[in-house]
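Take this structure, written in structure tokens, and hold onto it; I'll ask about it next.
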Amino acid sequence: MTTILEVKELNKAFGGLQAVRNVSFAVEEGDIVGLIGPNGAGKTTLFNLISGVEQQTSGQVRFCDHDVSGWRPHRIAALGICRTFQTVRLFPGMTVLANAMVGAFLHTSVPAEAEARAEEALKLVELYPDRHRPTRSLTLVDRKRLEMARALCTNPKLLLLDEVMAGLNPQEITVALDVIRRLSETGLTLIVVEHLLKVIMQLSHRVLVMDYGLLIADGPPEVVRRDPKVIKAYIGGTEESYNA
Amino acid sequence: MAISPAIAILVVAPLLFLFGMILYRVLFERVVIGSTELVPQLSLTVGISFTLVTISQWIFSPNHRAITVPWTTTYYDLGAVFISQAQLIAFGVSLAVSLLLWLFLGRTDFGRAMRAMVDDRDVAQMMGVNSRKIYTFAVGTSAALAGVGGAILMTYYTVFPHVGLQFLPLSFVAVVMGGMGNVLGAFVGGIVVGVVQQMTGVYVSYQLQNAGLMVVFILILLVRPSGLFGKEGVL
Amino acid sequence: MSKDRDLLAAFLLLLVLASLPWWALKNSYTMGIVINALAFVSLGLAWNIISGFGGQLSMGHAAFYGLGGYTSALLLTRLGITPWVGMVPGMVMAVFAGLILGYPSFRLSGVYFKLVTFTFGLILEIVARSWINLTEGDPGVKIPLLGNAPAMYQFDSAWPYYYIILGLAALYFLISRWVLRSRFGFYLQALRDDQVAAETLGINSLRMKLTGFALSAAMAALVGTFVTQYLLFIDPASGFGMFTSVKIALVAIVGGTGALWGPVIGGLFLIPLAELANAQFSNITGVDVVLYSAVLILTAMFLPRGLVSIPDLLRVRRAPQVAPEEQPLPEQKSRLSGELGLTEANPKAE
């Protein structure tokens, strides 16, 4: 397998706060990589850096043999990285179908083609019957589904999912896992941030663990689970996380 | 009836402060608070402004008027330039007002609460800042300061119902050029506006003084988009 | 409303408007009112592209209208170039100005764009007043009377003007409809709703906004040439003035910002209303201004989505729909993980 994403010594500081420190890792094509860590560990910031929403303080991101460090988000998206947001970010003034079509327009300028692509993605996440509804009338779960469908419409090579399963009930999680596995079988590479450890451990081929901006573990789920550093970060790290 | 502009300021400022606060509570509040859409806010303020201009046209007629006070006819010879006493007083008053505003925003609890609201409304509210009080006060202060500006400018300009439109673009340019939300920036921006206007007027052409200002304005925005003293990425 | 019903309705409206001079508009005064209304419908449609679809509120759109009017008028009076040709440099000037203003201000938040466009209009007005050698100053530029000279964009009756502006308004409606249904329009609306999310889907925000602004400016400039030729003069206040800018935005805002029909309904409603009010109270100046202000304030307070939203409001009142409540994210998360017995990594949870 070939390396699709390579992150080298990535740093991001907000004023005095070092949100991401010296993070390096590589992702193989077709992998499902889980990214976990306590709140404030820097997971979302890492996504922001990879997708170009924020600029790193130092370090490098390579994707498909391009150094994308410092690129604007739209160029990175055109190269094949798409993402969802932890705080779902849809286009509230547009219908469900129109939201998905915005994503689909990345590869076609013909509205009918974009519509067909969007409808296909909406069927995948089971939102097709709601396609003419205004976005603001969707429940949170449906909003997350729509955001994922919209991202899929861009036909990405690498998809970054930021807590798409938070707020889902166990059945819905099973459905979501099934969707993600099927996507992975089509050759899509995924990095999945999720708080639900059990889900991540089931789903991922490989797990990255972040704490205080540092990458503290990187390996197969069964190894990471027994890693003393990870256990410490989750249980013995701070008083608060002990209560979790 | 003749009231000196010096005394007029003391009357005008509190009256406009009150007027601003009433405007906020009666009209602005219904539209501005909780609305992220800017269209209604703009519609409302522009509508109020036009109404006031037309009403003052009906009351005062559209004619230009000027006042004559001893200050306006006294000039000081500063070697290269003549400066009227009125202009000198205007400079002093704006310096004093800016200083007071700066001290108020930086040194008093209320002023700091105001700035916290600008930085992050939700957090400020969580910390117990009363947003309604702050906004009411801010609109009142802003109206009062504009009134003070008008009263000073009147001593050496003519006044007429549309006079505000003459100074509105200049004050916008001053604020944006200086960096929004920054008292020092507005002050320096105002001085830059005046200097560029006069320099263009003297060395290029009087007709082109505002064109010169626009060129400098766009150049500054191209180099420093958030203004001379603006924080990068603010707003 | 389905897409084809839009077209059908527009076609019917066009037929009605085209027939008006034959039975309703008997004199040049009443025809002038509708010409004026159609000019503002066109300007509102132009404004709506960048400000309604794109969400970038242009507060000085008169600047582009004035640039179109002044450029073609001066080319005619100084060089004898027919406005049919002169309207093109007018559009080029407007596009150029739009790009220069848009480039720095679009990279910042929307506040700057509003301030910059607003200031630009006012400053152009001052420049037009004071650069007398070029613009002839306060009195404005007068178009020499040539009688009936179609080649010079001048006619001796109101009829041709009426059909020119009706055609232009119809064209602008079709352009708006095309924009709304094209990739360009989807992108503009996405940027309006959430710029960060739009960019992560591959949208080049700067280029899209500049394109939208340039199109919008060019459309406004073309109307500027028309109105200048129709009125046979342009002056700083009517060309660049804040009141003109506000009227342009107002037409779209009152009708419905960002809606295809907004500027059409707003223009055909507001402008005749103001003209009638002015005629009714001809002894008081500024009745139209106060009327516009009142409509602005009332719209802001009670109808923020404009006249086009009235049918929706009525429908909702008749059959109240319960919007699904938004589910608070953190609570949901912690309860869920509790049920599942998963190791929860959220330090905020109890």
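Lettered A, B and C in written order, each chain numbered from 1.
We take it that contacts are C-beta pairs under 8 Å (C-beta built on N, C-alpha and C of every residue); 3 or more make two chains touch, one makes a residue touch a chain.
Keep in mind it's a predicted model, so treat the numbers as computed, not measured.
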Mutual neighbours - chains that touch chain A and chain C alike: none
Label of the chain whose CA centroid is most distant from the centroid of chain A: B
Chain nearest the global centroid, as defined over all protein CA atoms shown: C
Whole-Å gap between the CA centroids of chain A and chain C: 39
Centre-of-Cα separation between chain C and chain B, whole angstrom: 29
Whole-Å separation of chain centres (CA-atom averages), chain A against chain B: 47
Of chain C, residues touching chain B in the complex: 57, 59, 100-101, 103-105, 107-112, 114-116, 118-120, 122-123, 126-127, 130-133, 242-243, 246, 249-250, 253, 257, 284-286, 289-290, 292-297, 299-301, 304
List of chain C residues in touch with chain A within their complex: 181-183, 186-187, 189-190, 192-194, 196-205, 258, 321, 323-324, 326-327, 329, 332-333, 336-337, 339-340, 342-350
Footprint of chain C on chain A - complex, ascending: 36-39, 51-53, 72-74, 76-78, 82-83, 85, 87, 89-94, 98, 101-103, 105-106, 108-109, 111, 114, 136-141, 150-151, 154, 166-170, 195-199, 234, 238, 240-241, 243-244
Interface residues, chain B side, partner chain C - complex: 27, 30-31, 35, 37-44, 46-48, 50-51, 53-55, 57-58, 62, 165-166, 168-169, 172-173, 176, 180, 206-211, 213-214, 217-218, 221-222, 225-226, 235
